[in-house]
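Going in written order, the chains are labelled A, B, C, D and E, and every chain counts its residues from 1.
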Amino acid sequence: MQFDWMKIPYALLTLFIVINFGYLLNSFIAKIAARVGRRRGIPIWQTYIDVAKNYGLRTSITHGVMFYLGPVFRLSGGVGLLLFVPSIYGSSMFSNLSFAGDLILALYFVFFGTLGMALGAAESGHPYSAIGITRGLSQVTAAELPFALAIFSVALQYQTLSVTDIVAAQQGGILHWTLFTNPLAVVAAMLSFLGSMMRPPFDVVLAPQEIPIGPPTEYHSSYLALMQTNRAIFPIAKIVIYMNLFFGGATDWPTFFLKVFLIYMWSVFVGVSFPRFRVDQSIRWFLIWAVPIGVLSIVLV
Amino acid sequence: MKIRDILSPFTVWKNLFRDPVTINDPVRERPGAPRYRGFHKNDVKKCIGCGTCETICQNGAIDMVPVDGIAAKEGDSGLRPRIDYGRCCWCALCVDVCMTKSLTMSNDYQWIDRDPDAFRFTPGVDKKKWDDAELGYTRPDAHRLTPEERIHMQELGPETRIGSFIEIVKGYSVDEARKEADRCVSCGLCVATCPAHMAIPDYIAAIRDGDYERGLKLLYDTNPLPEVCGRVCTHKCESVCAVKHEGDPIAIRWLKRHIADQVPLDKYRAIVGAAEPATGKKVAVVGAGPAGLSAAYYLARMGHAVEIFEALPAAGGMMRYGIPEYRLPYPDLDKDIAFVKELGVKITLNTRVGKDVTLDDLRKKFDALFISTGLHLGRSTKVPGADHPKVFQSIDLLRRVTLGEDIYCPEQAIVIGGGNVAMDIARTLARIQTKKYGKVGVTLLCLETEDIMPADREEIVESREEGVVLRPGYGPTRIDTDGDRVTGTRFVRCLSVFDENGRFAPRFDQSDEIAISGAMVVESIGQGMDLSYLPDDLQKQIVFERGRPKVDRHFRTSLPWLYAGGDIVQGPDVIHGIANGHAAAVGIDIYLRGKMEQ
Amino acid sequence: MKDELKKRLVKGPDGVEFEVDPLRDYYCDARPQVEPPAISKIVEDFFNWARAESLWILGFATGCGAIEMRPLMTPRFDAYRFGVQWRPTPRQSNLFIISGYLSTKTLKRVIRSYEQMQSPKYVMGLGSCTINGGMYWDSYNTIKRLDDYLPVDVYVAGCMPRPEALLAGFEELKRIIREGKGEGANKYAAEFDRYKANQKKVIHDWDMPDYNW
Amino acid sequence: MALYEPDRSQYPAKKPDGTLDIDLTSGKYLKLWQGPQHPGITGNMSLELTVCGDEVVDCQTHVGYLHRGFEKLMERRTYIQCFPIVCRICVPEPDFNEYCYAAAVEELSGITAPRRADWIRTLILEMGRINSYMMYLGGQAGSLGMGVIGQWTTYVRDLMLDRFEELTGARIYHMFILPGGVRDGLPEGFEKRMEETLREIESTMKDVHEAMFCNAVFKKRAVGLGYIDPALIEPYGVTGPTARAAGVAKDVRKDFPYLVYPELDFEPVTGKDSDAFTRADVRRRDVLLSIDLLRQILAKMPHDGPLMAKIPNVLHWKVPRGETYIRAECSRGEYGYYIVADGSGYPRRVNVRGPSYTHAVALLERLIINVNIADVAGLMVSLHTYPPEIER
Amino acid sequence: MRELYEQLKRLFPLGEYTEQRRDLAFVTVPKDHLRPLLIHLRDREGFTHLVLLTAVDWIEEGRFQLTYLMNDRAGKRDLGLRVLIPRDGAAMEGIHDLWPTAATYQRELREMFGIDFPGSPRVNGEFILEGWTGMPPYRRDFDTKKFSEENFNHRPGRATKDPAKHMKDKLYPDEA
């Protein structure tokens, strides 16, 4: 297959759309959470201002090369994840580089950012970063386990590792979604999703009270801005995978926005209602509740 | 784990569709509550600058500063509080304690500034956006941090006192005095108003502490006649007392008397201290009235030899011969004089300068002279009939009463005049009448209406209680006489006493004439001085101003060795006399020491 | 000086011994520099606007004023609306609210926190205590003038200032920043010696590096 | 009674001289500071934790960041000048300082505050208690990661602050209860607005109950956290809800009734399990009790009569020689003032006994052993301590 | 309270007794008898709660008064024990082994008054103050205002006038 160079500007356009959508979505979600607290919440463009401000700070200090590379790794994890899965199924413009990517690559990117972050934050030398990293890595590992099981189950179900093929298999009506064809895998994946969105009850990694604020303790100005950009991309990219794997993908942008928003809301819906688990508790929770479901889904398939 | 514990937390989402409770524009939409203790306001017109707010402020946030356009005057220090918002804690104690209720708080609470030095301002003077705020904290009426009611002084009832010359006012007990002293806010507005600048807040504090020795010492620093002043002082201090804005002023005069009453004479020297080593200089004082005694006392303390020459048989001057005994008992006066004598002042009685000894003799024998001969000549109304022998001068009658003479006193008497001396003679006559006839028949008339009568308020009230009929607002036109008898006096209504420039120029309504009957008329409209003892050549050398010898701030006349003070310089008033005497003593001391150095 | 702050030799897991100076650990050795604004005025204006609209407060409750921070960030007043939010770490904060009096013990931590913040950074003084000592003017343990120790951009009067007054303070601070006058960090760098001298005068046990950012 | 030793069964060992054998250079232990700049610390204090893995093996609390030297400052202020500064001692709940100070000065001077003032004082104290609990509930939920509770409770606390503002003229530092009585009576229509506020609080408390107390994750975190053995209560001087959660019905309002509490009908709230969850629950029920008490107070309160006793001129108020101790039940336990007067116009010595003093130092250091780092904040909040009253 | 005092008096040599309220009394106790008395009160009389431990500086008499306030909740009474110790080289036996919480009070007393409690945990470490080198601040002879003025800068520009003096100057300018 010949590489279509036009894919690159198209992919960048996708990236642009997703970044903006991510910023707005983050603000909007914050506003919704604020409503639950009976507040109005931040203006919808606040995330842009914050990022601009952080890029605009005059000083920044470094703790070493890895400290600098951490956010870059994290961002490339997010971007990579996004670029190797199709955002809009069937659109030649917005399928990105999905021809080249498969589920294994996606899983790798999910982990890649986290690891990079861990290395960078460790370099900062702050004890809270270190604590955050140990908590983060152990929790992410536990949380990714059911996801991996679910992906395994889905791959078994569709007999492919290509995301595009999996989406293609789900077209033709809502009942073709994996959600209905393999509900246990979806349940396991969605439980895992809670664990990866850094929202209660699984946000002890970033918890301001239990430790302030974990790995990014020392990150500031443009490093932080980079991470904020990542926070706009990475969840969306991850949700795109979920959407593609379990909820039939999206064939146009409105569907994309809606599905991403709804999947995102799932974590918010739970997150606002609960306090957070300690790391040992959350690992136990994943092992007790999510992993068996994932195993079961594989067994059933 | 109960299933409810998993589902129930999701109830938080019901708020999603409730309106947020956020205030739209909190900066502008949220005025403070009506009682809110926000930024200070001060009604500078009402404020008297007493500084009580400064005293109570535990943060040292308040400074008393002079303000353009507000001059110091009696009862108003001219200072205004400036508040440092780098110190204030908005406790509002300053508002609670404010004597005039001028200091209040608005309900404004927003003040943002880059400059930390900007947070200092004088409320009411520096214009602020909250000056016109209607809401905000003001002291609730029932909320008082300082007691406002004066401690009642035990007095003889009118029925008892009219029958005798026993002192009316009984004086405070130690407990009462302490309570009354407790009311003082120690602002010191009174100090400058008092002609002698007595350290009033300090000696009141001494009463609170029960330290009468300290109190007495403070009294004698500025006033050698505390027993007298404690009874008959015109207490201008009380008229400017900051506490009067809340209720009755502090009974400063009675508290002073209380101190002097508490200490027996034999302890005085130990407390106040003895005279300084003799300087060898000699000073003669003419007249043993308040000014003369005061000057003699301070001169003696400074170590000068002082001799007082007094024409009458006892020292005290007007204090003895003008003021009736029921106001100032002679033993108390004698106590004050005794201590002056104890300091080494020689008092030569029954010696009238100009007659028994000439001024020139004195000048030769002494290094300096202080004359304070007082106002012992009564002034006449000069209306027709005023020269009748049954028309008297109050000052003469009072002197004769003191001297123990039996004065003429019919059943009905008329007193003309509205000052304290008129009250004195009216009440003296009333007492004699009561003794003689068992009832009072004195009518007092004066030009002034009651609100501007020069007499003290309590004199008016008490004389009424004692049965004296007061008819203010009338001027005499004619005294009706019938041979050696006076039958009565005619008066017309006085419309105004002073003209627009404040000068004495009474206007009368001739159509409104009344006739008062009485067999005796006492004129009490002022006194004059008798300076005939001054030799003619001296009289020429001394510069007079409005009929009084002109003196400098040390009460030195135009002659370097001659000082004058008391009523002849200042007009009739005990406390002024004392202040004059003190000032003159200081002046004489400077003069004598200057001479010594030569 | 505390034992744990002294230099010591540490043997690493690989057997190599190296010296550790806790006072030097992790901190920069350089004095703070005056950081010039962006070359282009338009860019600087844009950044100033962004800085004004995105005030991140350091979550350090230094004094009484902290009590009004909760209402500020909660439904009634909801300062998030105005781009204000809390950050738990000084690295990510731009605004240091000194909420009232500072004891000398806290001052030490405040200086360290302030220096760890990234420029441009702002300081807001709350209440009387930061202006002239407030009701603790005669206390032996609180500083009286905040501007001796840190460059203060804006003061809010009150004891305590209410959340509304604080919001008004934010408005004023935003105006200052937008006008490009919020140069406290540069002032601190320019007058660094004066500030340090003042700080050392009241902090009697100065056991930290002079520069730590 | 035996001396209580924390359970250090696993590590670290003890040296012969009794100190803990912690070798920081061994790499086994890590020193970790929480605070003073730390969102998980209530107020401005710090915990010096020595951790081994995720567990705390040793802890020293460091206080003094808020020390202003009140007890010294009061020695050079007159009795009335102390009145505005005492409320600053405990920022989130200032009224108990005002009451205890006023009552102590009144007792030493032989003054009795008017009855109506006592009612208003009780009203204010109960309002303050609700406020303080609202702070606590938000903090407790927040320290375990549930931010929304803090949003709600702070909102209703704001409503209560509005009531405070209209009654006393200030939001936080009310400076309303002064020696001799109170400043002013209730404003017009206060009862009605108060009732509305109470209803709002009740409905919020219902929501809080649903969201926080019937919450699996919250229970998972809080149940069993920071268990206090009832036998520790007396040696560690534990009072208030913390003691009541251990089943010891310590409540000054009942044990040593003051103000108008004898005329109010209530029973102290107690719990059984003595852990963070029970303490939270005891405090939640205490809020409901306070709401009930407020209703009783408003119903029974006299509406006329003097508000201030006859007091001496405050500018030179001298208090006769003597010493006394006044206690009151604040939201954290027994709050007390020990005042020694020497007959002058200035207090000789004022000692403020705040419940946080015992809870946040000795007790916390004891309880924190073997706790997960992530639970430190939750444990600390569950003792409900306010640093400013520790160091004054 | 009086009965309790009489009863205790038979066991311990007690000093001055002051009954402040019906349920609160203060008793002076000799230094050496404090500990047995505290144990007696705790174990026999129900005074299990150590309310506070603080000191009063009677500098004129050269003594510190230590106040141990004990509370008996069941009996609804409080007893304050006063122990007078000399100001010079002030030291006292600690009671942290009876009430662990007393260690905190003893640390504060050590720091703020300079009263030593040998053997009390961390008693010589810094508690509230940091880097304090001068006199313990709660001692009466420590002048906090003076210290504050010498150590901290106050904002200049403040000046006040005494109303009495200002009036004298203004109303009688030539008397000065």
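The rule is short, and it goes like this: a residue touches a chain if its C-beta (ideal position, glycine included) is under 8 Å from a C-beta of that chain, and two chains touch if they have at least 3 such contacts.
In this text, all values refer to a predicted model and were calculated from it rather than measured experimentally.
Trainee: I need the common contact partners of chain A and chain C, sorted by label.
Mentor: For chain A paired with chain C, the chains in contact with each are B, D, in label order.
Trainee: If you average the CA coordinates per chain, which chain's centre is most distant from that of chain C?
Mentor: Taking each chain's C-alpha mean as its centre, the farthest from chain C is B.
Trainee: With centres defined by CA atoms only, which chain is the most remote from chain E?
Mentor: Here the answer is chain A, farthest from chain E.
Trainee: C-E or B-E: which has the larger count of contacting C-beta pairs?
Mentor: Taking the two pairs in turn, the one with more contacts turns out to be B-E.
Trainee: Measuring from CA centroids, which chain ends up nearest the centre of the complete protein set?
Mentor: D
Trainee: Find the geometric centre of each of chain B and chain D from their Cα atoms only, then give the gap between the two centres in Å, rounded to an integer.
Mentor: About 55 Å, centre to centre.
Trainee: Can you work out the whole-Å distance between the CA centroids of chain B and chain C?
Mentor: Here chain B and chain C have centroids separated by 60 Å.
Trainee: Could you grab the centroid distance between chain C and chain D? Build each centroid from C-alpha atoms only and quote it in angstrom.
Mentor: The separation of the two C-alpha centroids amounts to 29 Å.
Trainee: Take the average of all CA coordinates in chain D, do the same for chain E, and state the distance between these two points in whole angstrom.
Mentor: Averaging C-alpha atoms per chain gives centres 22 Å apart.
Trainee: Among all residues of chain E, which ones touch two or more of the remaining chains?
Mentor: 129-130, 137, 142, 144-145, 155
Trainee: Multi-chain contacts only, two chains or more: what residues does chain D have there?
Mentor: Counting only residues that touch two or more other chains, chain D contributes 38-39, 64, 67, 69, 72-73, 76, 84-85, 88, 148, 151-152, 155, 173, 211, 215-218.
Trainee: Mind pulling the residue numbers of chain B that touch at least two other chains?
Mentor: 9, 12, 20-22, 58, 84, 86, 89-90, 116 - these are the residues of chain B that touch more than one other chain.
Trainee: Provide the full list of chain pairs in touch.
Mentor: Those chain pairs which touch are A-B, A-C, A-D, B-C, B-D, B-E, C-D, C-E, D-E.
Trainee: Could you please specify the touching residues of chain B with respect to chain E in the complex?
Mentor: Chain B residues touching chain E: 49-51, 54, 62-66, 71-74, 77-79, 84, 86, 116-117, 120, 187-189, 191-193, 197, 201, 553, 583.
Trainee: Contact residues on chain C for chain E in the complex?
Mentor: 104-105, 108, 131-133, 137-145, 148, 198, 201-205
Trainee: Mind pulling up the chain A residues that touch chain D in the complex?
Mentor: 33, 36-39, 127, 131, 135, 200-201, 203-204, 207-212, 272-281
Trainee: In their complex, what parts of chain C are in touch with chain A?
Mentor: Within the complex, chain C contacts chain A at residues 25-26, 28, 35, 37-38, 46-47, 50-51, 53-54, 56, 59, 74-75, 78, 80-81, 83, 85, 87-89, 91-92, 94, 118-120, 185, 213.
Trainee: Which residues, counting only chain B, touch chain D once they are in their complex?
Mentor: Against chain D, the touching part of chain B is residues 1-2, 4-6, 8-9, 11-12, 21, 32-37, 52, 55-56, 58, 89-93, 96-97, 137, 140, 142-147, 182-186, 205, 208.
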